[in-house]
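In what follows, chain A forms one complex with chain B and a second complex with chain C.
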Partner chain A sequence: MKNLTLEIIRLSLTFEGLMETNQVLHEISLNIAPKEKVALVGESGSGKSVTARLILGLLQSRAKTKIQGAIRFEGQEFGWITEKERDQLRGTRMSMIFQDPVSALNPVYNIETQFHEVLRRKYPLITRRQVRKEAIKILEDVHIVHPERVLKSFPFQLSGGMNQRVMIAMGLINKPTLLIADEPGTALDVTVQDQTLHLMQEMVAKRETSVFLISHNLGVVREFSDRLYVIYQGRIVEEGKTEDVFADPRHPYTKALLAAVPGITSGNTIADVINDTSAFRAPKEVH
Partner chain B sequence: MTTPLLEVKNLAKVFKQDGFEINAVRDFSVSVKKGDCLAIVGESGSGKSTIANMILGVHPPTSGEIHFKGKPLSPRRRKNERRVLQLVQQNPYSSINPSRRIGATLKLPLKVHGIGSSQDRPGRVEELLAEVGLPASYARRAPSTLSGGQCQRVAIARALASQPELIVLDEPTSALDVLVQARVLILLQELQSKRDLTYIFITHDLAVVRNMADRVAVMRDGQLLELNPTGKIFENPDHNYTRSLISASPVITKKEIKLREKLKAGLVRER
Partner chain C sequence: MEHVFDLLIRRIWLSLLVLVGVSVLIFLIARVIPGDPARIALGPNATDEQVFKLRGELHLDEPIWKQYGYFARDLVHGDLGTSLYTNRPVVEDIIQFLPATLELVIAAGILMVLIGLPLGIISAKYEGRFLDNLIRVIALLGVSAPSFVWAVILMLLFAFFLPLFPIAGRIDTDYDIVRTTGFLLIDTLLMGNLEAFTNALWHLFLPAFALALSGIGQAARLTRANMTETYRKPYIEMADSYGFPKWRIARKYAFKPSLIPSLTIIGLDFAAMLGNAFLVEAIFAWPGLSRYGVAVILRKDLNAIIGTVLIISAAFLIANLVVDLLIAILNPRIRHGR
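Now for the complex of A and B:
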């Protein structure tokens, strides 16, 4: 059997409040093979981002959080390793890029210092000179014209698109096996978003990285991912190859989502959205 | 020929900062008929919000004139000039006062502009809520108890409260999910035909523009590149930049992919 990069088996997550408990994930299962680009689509509050945080191991040590099920990263069971071991995975074997690059980068350090911080996670003894060499190399890969100047800059001196490139470069510099992208570029313009997606595609193909893309933008998902999962209120409602799901959506929620996207061709008016959401609780559809 | 509802002539805005001059808007002219929806699209920093702010009277223009119903609007707006031009902003959570109940938020414009007597106002608030599809009991709620889509409906109701003729919609749905966005867009279309409203729709989402606007103004670096009916913009745009904007927007159907490919092909040929 091929070793999966990420495997999530019947994962449930419950936040315990003072008076009530709030179950945000209901036995979700998903997997990502090496070099595969998988998307998780859903509306806000559907559990997309907590899933990403669980994969990164950021919620496991939180009190009042009940987790059931298993997360396996490269065959390693998350429940069995210590907090310290989980910490060592972040930034080296798995990394994440965020929605808004300007706020994700630290405004009080220049780009070079931030690259140093990232590289030090994998190579604790790396020198400043090696950092510069590695960083220039990867910045050239993300098509930045003057990498030396960018390294000396602070994030607020660069445009949104430049920051986005820097963040992608930082996410990939340690050659992680899994890149988690939470709505990359949606805080930016369409043209920058388009560049971001193409750049990510190019970079992960070169480095053989798997990608877990979290998005509510169906257009982005169609263009980027090989396979997708649709999540609604903490339950996976449909999964399949991207082209299959877009050609033949089966679950009522997926159908409603696709109908709600405004199109750019004529005679493509916004459909009346069904206000009755009870059908969205229908069982999962698998392609 | 009837006079257009809004006519903007050679509008320009220069911001001065630390001795630098920034030309936010250069020589922008457009006229909007009553009942029309004009979309202004462009990347961030293209000057689209500055135009909206000048129309609303937030910043006085550096040069140029704004005429409303054939009469020039003064840089310092009178109360009635403020009443007929209203705004709906992008993020409803920050545009609505969080410490005021929904009812009080909707009552304020009625009070300021002296619409109806104070006894009628609770009834009017109920009507406004009904118009945007919210139950009357929401008047007693705080904004924090509402979802993003519901909050945006309140923002729309607040704009409607003062019985405006033109509403500037500054990215009204880009903070919302697709399903919620579709519902809000349908609501906006219904209100437009019911109240005979004129919209200026500012956005960078071209798919939304396709479904809402009658005409589209494409902006870049403060300059108006192209002003054409929506159909022409999407089938045979005059400007290469418009082509590249459309081919950058993510789409979901085969028909749309075809259209995008066509525009992309045109882009290469003209180079």
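Now for the complex of A and C:
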């Protein structure tokens, strides 16, 4: 268990409102080894995206937010390092790619300027020429044919697939050790989504980056991840190697999730099983 | 950038078209209102023959479309006729009074941008906190009271009770100003007289501020509203997730997209100030075009009315043109013709 890229130990998150408190995460624990691709699967509202934002350190300084437990990134415990040191990790050692690349890229700056901003995180004094060189190199890596033209373009001038590639390139240009992918490509059509996954797979394999994939799409998870965690109502209910979980789902929620995958033969929906809520509270299953 | 150029050309043509429309409209209105301009000009003691003679000289006895024809011909030659009230060419009157108003309005516009926008940014950055609430109250006060109320209050507070600023006028009378442009700030600089320049600037501040206050409030409120909305956009979260510095996100990522609607409002406010300037000019004894405009309206001085309205319309159109151009430069979607 040495040198884990990411280790989350009994992490709880509570949003305190005026009248009520809302616990979003219940002592979740998970870890990601170097070069490992780990998925966090669950329905919307289960606490997936919040987990990603906690790892990035985006929620820690928010008011009315109570966080318990520990997040360790490359052995650095978030509770022990200063806020500044934690912020320093963002965009340099870990980065995130978003669901909808078209709206996540800034509409009023061209791609080159946005690469410049990202690169400046790691190399504060980088020149425009170096930015161009680096950006062209990585855009070629994501199989963009005319990188110079793309650099001069604005996001709205590029297709969704192109924007997605740009986004992956941006996420990886600073050679982070952890890439967080929050429902990558869900906003795009299925073929582009598939391309995105393959591209990500190829890119992280080359760069030996760990990936934390957040998804509700089991097809995506099965194809992409080595290991997976199933999250349900802020609790991790099952974990294991991807093929094991798919072959033999043990927790009732996982079973329901798998049964709910739309297919030609299966007519089930998740609503059929959700009536039996007591079973969903069953203890965590580990393969 | 060629789209911006095309846009500019198109907008200039449109503006000219609007100006022609305005000239027809104002000409018609001026002729339709009851009362004989010739009689008014000559006064109650004039004989009917004198009035008849002047009507002939002014072409008032001809059909109205012909009258417009004469008017348009003279206009092209830069002649707006003679003011019946001052007995001078209207163009000369305008040249005399316009710079004072423009100086006031431009100063107010600058204050609006320099104060309104930063207030909006600060407000959005500290959304829901004390500073935000404070700025919102101030902005609301600015918007809700008309500029002449502010003019009186500011004058009382900062010129009368606390004599920090001069009460009225554009400059102290003991300076001899060589008039080149009519803009005192420029003329004094051209003379190299820094003391006079400071004095003129000192006189300018209170009226400009009173005129700008509602615009400042509006700009601040709008900028805040747009920025808080922009702050919820995915690209802001993306910038945050990459750890870009907070002030950089505020300035580069949240402000620039929010600037576009703010600029539109500032442009409109700027143009509206040309009209609103009248009351402020009256209160601060500012010898500007708005005051002249009201004086000639009260005296039914038709040529002067038409000239003043045309000039103000032109200034309105130019202000809009400049704003549209700025927006086109700021917004890549327009700049690239999408």
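Points worth noting:
Note that in this section the second predicted complex is superposed on the first by the 275 of 287 C-alpha atoms of A that agree within 3 Å, B and C clash if a C-alpha of one lies under 4 Å from a C-alpha of the other, contacts with A are read in each partner's own complex, and residues count from 1 in each chain.
We adopt the following convention: contacts are C-beta pairs under 8 Å (C-beta built on N, C-alpha and C of every residue); 3 or more make two chains touch, one makes a residue touch a chain.
What you see is a predicted model; the values in this text were computed from it and never measured.
After overlaying the two complexes on the shared chain, residue contacts for A:43 are found with chain B alone; chain C is out of touch. By the touch criterion defined above, A:56 reaches chain C but does not reach chain B.
By the touch criterion defined above, A:105 lies against chain C but remains apart from chain B after alignment on the C-alpha atoms of chain A.
Look at A:90: by the touch rule set out above, it reaches chain C but stays clear of chain B.
With both structures placed on the common chain, the touch criterion links A:82 to neither chain B nor chain C.
When the shared chain is aligned, chain B comes close enough to touch A:218, but chain C does not. Looking at the superposed arrangement, the partner reaching more residues of chain A, out of chain B and chain C, is B.
According to the touch criterion, chain A has no shared surface contacted by chain B in one complex and chain C in the other.
Chain contact summary for the complex, chain A toward chain B: residues 43-44, 160, 188-194, 197, 216-220, 222-223, 246, 256-266, 268-273.
Listing the residues of chain B that touch chain A in their complex gives 43-44, 148, 177-183, 185-186, 204-208, 210-211, 231, 234-235, 244-246, 248-253, 255-256, 259-260.
Chain C meets chain A in the complex at residues 233-235, 237-244, 252-253, 256-257, 330-333, 336, 338. Residue ranges on chain A touching chain C, taken from their complex, read 53, 56, 58, 87-92, 95-96, 98-100, 103-110, 117-118, 121, 154, 156-157.
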